[in-house]
Amino acid sequence: MKYVGKNVEDLNIAYIGGGSRGWAWGLMTDLAKDGQISGTVKLYDINKQAAIDNEIIGNKVNDNKEAVSKWTYKATDTIKDALVGADFVIISILPGTFDEMESDVHAPEEYGIYQSVGDTVGPGGLLRALRTIPMYVDIANSIKEYCPKAWVINYTNPMTLCVRTLYEVYPEIKAFGCCHEVFGTQKVLVKALKDIKGIEVKRQDIKVNVLGINHFTWLDKATYNGEDLFPIYREFVDKYYEEGYDEGGDKNWMNDKFTSKERVKFDLFRRYGIIAAAGDRHLAEFCPPWYLKNPETVNEWRFGLTTVEWRKNDLKERLAKSKAMVNGEKEFEFKETGEEGVILMKALLGLGDFVTNVNSPNRGQVEGIKLGAVVETNAIFSKDEIKPVVAGKLPDEVFSLVNRHVINQETILKAALTQDKDLAFRAFANDPLMTASISDARKLFDKMLKNTREYLPRWNL
Amino acid sequence: MKYVGKNVEDLNIAYIGGGSRGWAWGLMTDLAKDGQISGTVKLYDINKQAAIDNEIIGNKVNDNKEAVSKWTYKATDTIKDALVGADFVIISILPGTFDEMESDVHAPEEYGIYQSVGDTVGPGGLLRALRTIPMYVDIANSIKEYCPKAWVINYTNPMTLCVRTLYEVYPEIKAFGCCHEVFGTQKVLVKALKDIKGIEVKRQDIKVNVLGINHFTWLDKATYNGEDLFPIYREFVDKYYEEGYDEGGDKNWMNDKFTSKERVKFDLFRRYGIIAAAGDRHLAEFCPPWYLKNPETVNEWRFGLTTVEWRKNDLKERLAKSKAMVNGEKEFEFKETGEEGVILMKALLGLGDFVTNVNSPNRGQVEGIKLGAVVETNAIFSKDEIKPVVAGKLPDEVFSLVNRHVINQETILKAALTQDKDLAFRAFANDPLMTASISDARKLFDKMLKNTREYLPRWNL
Amino acid sequence: MKYVGKNVEDLNIAYIGGGSRGWAWGLMTDLAKDGQISGTVKLYDINKQAAIDNEIIGNKVNDNKEAVSKWTYKATDTIKDALVGADFVIISILPGTFDEMESDVHAPEEYGIYQSVGDTVGPGGLLRALRTIPMYVDIANSIKEYCPKAWVINYTNPMTLCVRTLYEVYPEIKAFGCCHEVFGTQKVLVKALKDIKGIEVKRQDIKVNVLGINHFTWLDKATYNGEDLFPIYREFVDKYYEEGYDEGGDKNWMNDKFTSKERVKFDLFRRYGIIAAAGDRHLAEFCPPWYLKNPETVNEWRFGLTTVEWRKNDLKERLAKSKAMVNGEKEFEFKETGEEGVILMKALLGLGDFVTNVNSPNRGQVEGIKLGAVVETNAIFSKDEIKPVVAGKLPDEVFSLVNRHVINQETILKAALTQDKDLAFRAFANDPLMTASISDARKLFDKMLKNTREYLPRWNL
Amino acid sequence: MKYVGKNVEDLNIAYIGGGSRGWAWGLMTDLAKDGQISGTVKLYDINKQAAIDNEIIGNKVNDNKEAVSKWTYKATDTIKDALVGADFVIISILPGTFDEMESDVHAPEEYGIYQSVGDTVGPGGLLRALRTIPMYVDIANSIKEYCPKAWVINYTNPMTLCVRTLYEVYPEIKAFGCCHEVFGTQKVLVKALKDIKGIEVKRQDIKVNVLGINHFTWLDKATYNGEDLFPIYREFVDKYYEEGYDEGGDKNWMNDKFTSKERVKFDLFRRYGIIAAAGDRHLAEFCPPWYLKNPETVNEWRFGLTTVEWRKNDLKERLAKSKAMVNGEKEFEFKETGEEGVILMKALLGLGDFVTNVNSPNRGQVEGIKLGAVVETNAIFSKDEIKPVVAGKLPDEVFSLVNRHVINQETILKAALTQDKDLAFRAFANDPLMTASISDARKLFDKMLKNTREYLPRWNL
């Protein structure tokens, strides 16, 4: 890369999982819309064709009249080709196929265990982690070898364990994880402010203190222009506690099917007095089965179980859309992504400091959680540096819920790195959603392991 | 007191709750059987008549041919009369009546929450704690005033919070809590050794490393004559996992109705690889409702729900027995108590060092648990001193279960000391057994508070 | 105060020690030069006449052609008058007179203990702390009563203990301490960059990671435009290690007599590999007597012992200057202060976020140092909020030097709050500069206490 | 080994450094005097002839009329021969020769740094550690390979780093370090009790709470028969503070030239209010040069600098004595050793529990010190198990002195394991005795490294 006045040219971005039909298109949009940076995006994907399709789509974006900068997209044969010379690495992969995800999400239902997403915690999140961690071991080693000084942005779930694995393998890595769930909660606060006070503001105007772990993040302070939003949120919760709030959910174009009526969030506020900052579908999975006891309970709490069938259909549509764009039958759409990835890259390039929430190893920003575990808090992004902001301490009872998962995740990491089945099962049995008896849990675990064994080549299964 | 050769005479013991028809008789037995110490036991009880009855019973014990020392029993009018001049203080009280306990144990059943004991954790344990803590505040202040250098032995439940309150109010107190649940687990190991290896030993020959909190204590090492008992226990668990072990339970005369078939203990061993060291009825209450989902589940796990009706009947029998002993219709029985209270008092008098498990503030003996919280580990008892032994660290997953209760108990203490209803409810809602919705939980909490309000005079209810 | 567009009017600032002939004039300058805020500064000083003089001088400033905002200055009779209604409180006092300072700095010389400043650590710093802490107890209580929500900026030394006392007395206080010593070290880096690379930059362009305690602060990272400055600084140190660097020191108009040739700073860099970030005169006092063994050693290290005689002369000049300004014989000078107080106030008013170093309680920003102890790190200042940035961990050997003072300062605080002479002496004897025998140390301590007893009315001396 | 009734026969002890003319003879005495254990001692020494001499001497001991058990002594050619089959391993080596020790102790004198022993901390202790640590790496690896379940007793200095290295290399090792310095302090208390109260007791009757690190250990509690000895010790200190106590010192036959008049101990008591529990010669080296400023200061404090010349002469005498015993010209003497090694072995064999002070990794027994660092506290020795007793917390100021060395020792270990000269120098420069300038310190360090380079083969010197 080179600095030219206030711009940076010849930037090299490696995109691992570059065949993505979602995140990749969002990134293309955001890059094209920014006038200060330009360069090359190398797309690597185990599905080579998907990367090639995105190369075609990406290169067409430059012709779009809304595009103010020029980016070259290039599919690569190997991860090495993508990484050598990279200034930034973006990782957004699907660990396994929807078949494995089907097992993650639905196999536990046989034992009465329901999951709304199944990609973070719970039995599904654990299995997904087991197959993701070895992939991240490889990625971390490749980055260490080919571009040790690159900044690495992770979008894959399970977010915490992906980032944690990168640091475990290569402690000097400059990696962090981005997630828009906190933004969604800021938007809920925007709605509360409008509903209760009639004031309309932007998400970015809501200042929050963020602390916790990804998808189970909490806000113990929220202000608009210096004014405490907690009393307003309390009124909002009281008003809509029973029915839920109607407009609800994250309207992000990549995510908009995943709405809820925020009742889980409201309920957690009543329990603990601070704001849970993720979508209800995620929050529910971190708790004992208060919200996920059975489909009726889920229904009462007004959020959805994201079935894998839905995902398969959704993928079909996205494949069709991709094909149409490659063929030129359909034009690339410049939607607002709401993502901050490009802003963060620019901050790290020295083009303007920025404070936002990020997933990174605990260096003291969250009191009580083991140093080195990956937590989500605010951080200052500036030239070649991310400094977490001290976020403080969770209320004791929330800490106890959160730390249980931190401990479990550390166990899962260890089990995955050493292919230790017993250790993995210990974490499996200890998840708050695991209500099955220990022998049923063992049966389920064995079955789920079997279902995903193609991605566990080093395990003795 | 005075030292006469190897004996101690004129010892002064204050017994708070001295009208007890169980622990008190056990103490009388153990004191009478010991030839090295003698003196006076002052019995204080809010039920003065019960104390007077025990005065009569106790003084008759001296005439028994098995009695080798002479003790004078004396009921007192006030707690001050009992405490002034005391060398030891024993506390064994019933906080409230069986009516309050009925609410503790059975009120939650309306919401599908079953408790096997209801005196330690769970909704019942919490309510019991709320009414016990103010009593212990008063006791601690009295000890500080009237006998600040006395050693204080607590037998009341909730053990952890009773001992914790004493130290909170009077940090220099020399107090500890005794509980025989670990002994019961040592006896299970005795049985395993006999069943698997055909070797017969005494409980005291089983050396264990004890760590955890009362009624949720764990053994991560157990040896007989230096030999590791874990492989033997594993075989024993495998042999009896499905059916449970038949002879089962603690045959202690004060406790013998409370048998189980150890299946909970076996299951926890399978989950975590270390030995849970309390009766199954207690262990079950500390976990998510794995074992207490409903009466059928309890039945499958082969342990009993101790109903308050049973307790009421049992009390009737004990009252009748007391009356008969007072009248001289029935003679005092010299049963083996299995308790170590007298041994410990002797060790503290300098009559022989002794190592056993004890509940006392964490000074580092259990890694990871907040300093000052009351934990259960081994300790060396010697002249005027108890030194906890470093017990180490619980496995991560067990730590996470245990620490959740440690955190909750600290919250309960704070709530009880400040009469903070919201704080108390936060702990109530966070108990692993609390599966009711937050609004149902609130209803239940309000009802249970109301049921026990006679013992919460300072609360604004 | 009120927000008017992008401006804030009617701001209320209370200035405790408002008769100051240094800091106060700097503040007048900085306020007058800022166009966004205006209001009233209430000057309280135990020397009422000094406050009145500053009222006159301050009000004249408005007439200056460089003044772009209007401020009203008003001397008050009581601290209450100054504080009621305050949005900000500035504290900059002289605890005691130069007579007490004479004892602080020079009395230890009789025992071969030399101090270059004597206001932070060492025997002088300790005695100064003993008389300052009770003053800060009173100030904290007044703030709690009269303006509990005001932001409080401290400039008085010993900085750490002043801020620490405010939080000890009123834990909810919104206080922090400002010190320009880190700026001075940034300027040394500016010089190094010019000397070694020929690049000229501003102090503010040097980005640093700050961690430690006031006057013994360290930089473990320093960059200019993303480039690591450590190799450059190393070269600079190697070049000037023997002779020192000539231009040297902080040219701040309030401070410019206090130059050194940075040899202490260079030596500490050689010892520990990170940059000590305060003036040499301060740094030397925190170490064993490496640099302060005797006046010859001091001379070799090329820094000065600031005598109290110098201070007395300096005060005379400032008094004359004050008189001349009051009389109108001399005009108020608009010098560059280099201070950030006004910028920080504006950030806290929401007029622009700002990151700089600050003294505030440790919430995890410095690993290993007791939570609650006052540390110096970077922080983000934004509307009504200061969030410390995670600064990380000092190298072990530096930590050990720093933490010794942290521990001592906590002891001093406790001793001052309880007037515990023995405890204070324990800290006195434990200071690294204390090379006298314990009996000589006791004699010196008694003498110094006696010399300052007028300011220790509650002590039993 | 085999258990025969209450005895253990065929015990295998490996003695590394088995040519010792001091510790080895003491062990022979203690083994011969004990009737419960018997077996073989394999003597390994890099000085094979010394081992052979001790084989001869040891085997003669059996004929002595005071010998009540039979032990076979056998010199081995390799460490492997000694270790295979060992139940216990004793390590007591001289790391290097007196030439290296001469450098350790006396080289720093050129820069005005005086050391009274030079084997634990200070420049001498550091250099000795650098050459000892690689030897202990080898020993630990050999134990891991040849007798992984043996108990390992270390007597070599620097004690802390020897034990620490064993655990670093082989974390499952069952090792501990024994030192009689605490016994010496118990004897001082015996003398105080006699002098002040006229009561005569044995050392073993003095119960103490031990906490700290080897040779800088502290007692915060000391009782005789339950009575607090602190008031008595205070009186004793006041009586003898100026002149020192005359009888003084440890009369142990291996140690009796090393007397002091306890003035350092008395002075530390006055400073901190707790009892420093090691000989004055050791204590002085851990402090800033309060007691070691120059030979005159040492003289005033009434303790000696143990010159290496003295050691050389002493060795000559011991060599002559050895020769005479081998030749049969002199008979083996059965002196009281005062050591507890044999008692501890018996406790670990299950022949009687025992509580004493021991050097072992911190598992929480000393609050505030890093877990894993080697500390000295009491522990319970029982069959195949050592459990440290919770010793609590040092007073803050003492903690600060102790922890500085803990940190330094961890740095030294790391430097020695990685042959990192800069890191080693950082610790060297940070020792409290290091008063030389950094450039002089560097010169001294380089010289001392050179002097000892024969024992640093892997270093790049």
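Read from first to last, the chains carry the letters A, B, C and D; within each, the first residue is number 1.
By our rule, contacts are C-beta pairs under 8 Å (C-beta built on N, C-alpha and C of every residue); 3 or more make two chains touch, one makes a residue touch a chain.
Note that this is a predicted model, so its numbers are computed, not measured.
Colleague: In terms of touching chains, how many steps apart are chain B and chain C, taking the shortest path?
Modeller: The least step count works out to 2.
Colleague: Quick one: which chain's Cα centre is the longest way from chain A's?
Modeller: Here the answer is chain D, farthest from chain A.
Colleague: Averaging only over C-alpha atoms, locate the centres of chain B and chain D and give their separation in whole Å.
Modeller: 44
Colleague: CA centre of chain A versus CA centre of chain D: separation in Å?
Modeller: So the centroids are 56 Å from each other.
Colleague: CA centre of chain A versus CA centre of chain B: separation in Å?
Modeller: Averaging C-alpha atoms per chain gives centres 47 Å apart.
Colleague: Which residues does chain A have that touch at least 2 chains other than itself?
Modeller: As it turns out, chain A has no residue touching two or more other chains.
Colleague: Should the pattern of chain-chain touching be classed as line, ring, star, complete or other?
Modeller: It is a ring, because the chains touch in a row that closes back on itself.
Colleague: Which positions of chain A touch chain B when the two form their complex?
Modeller: 267, 270-273, 288-290, 395-397, 399-401, 403-404, 407-408, 410-411, 426-427, 429-430, 432, 435, 437-438
Colleague: Can you name the residues of chain C that touch chain A in the complex?
Modeller: 207, 209, 221, 223, 225-226, 350, 353, 355, 363-367, 371, 378, 380, 382-385, 387-390, 392
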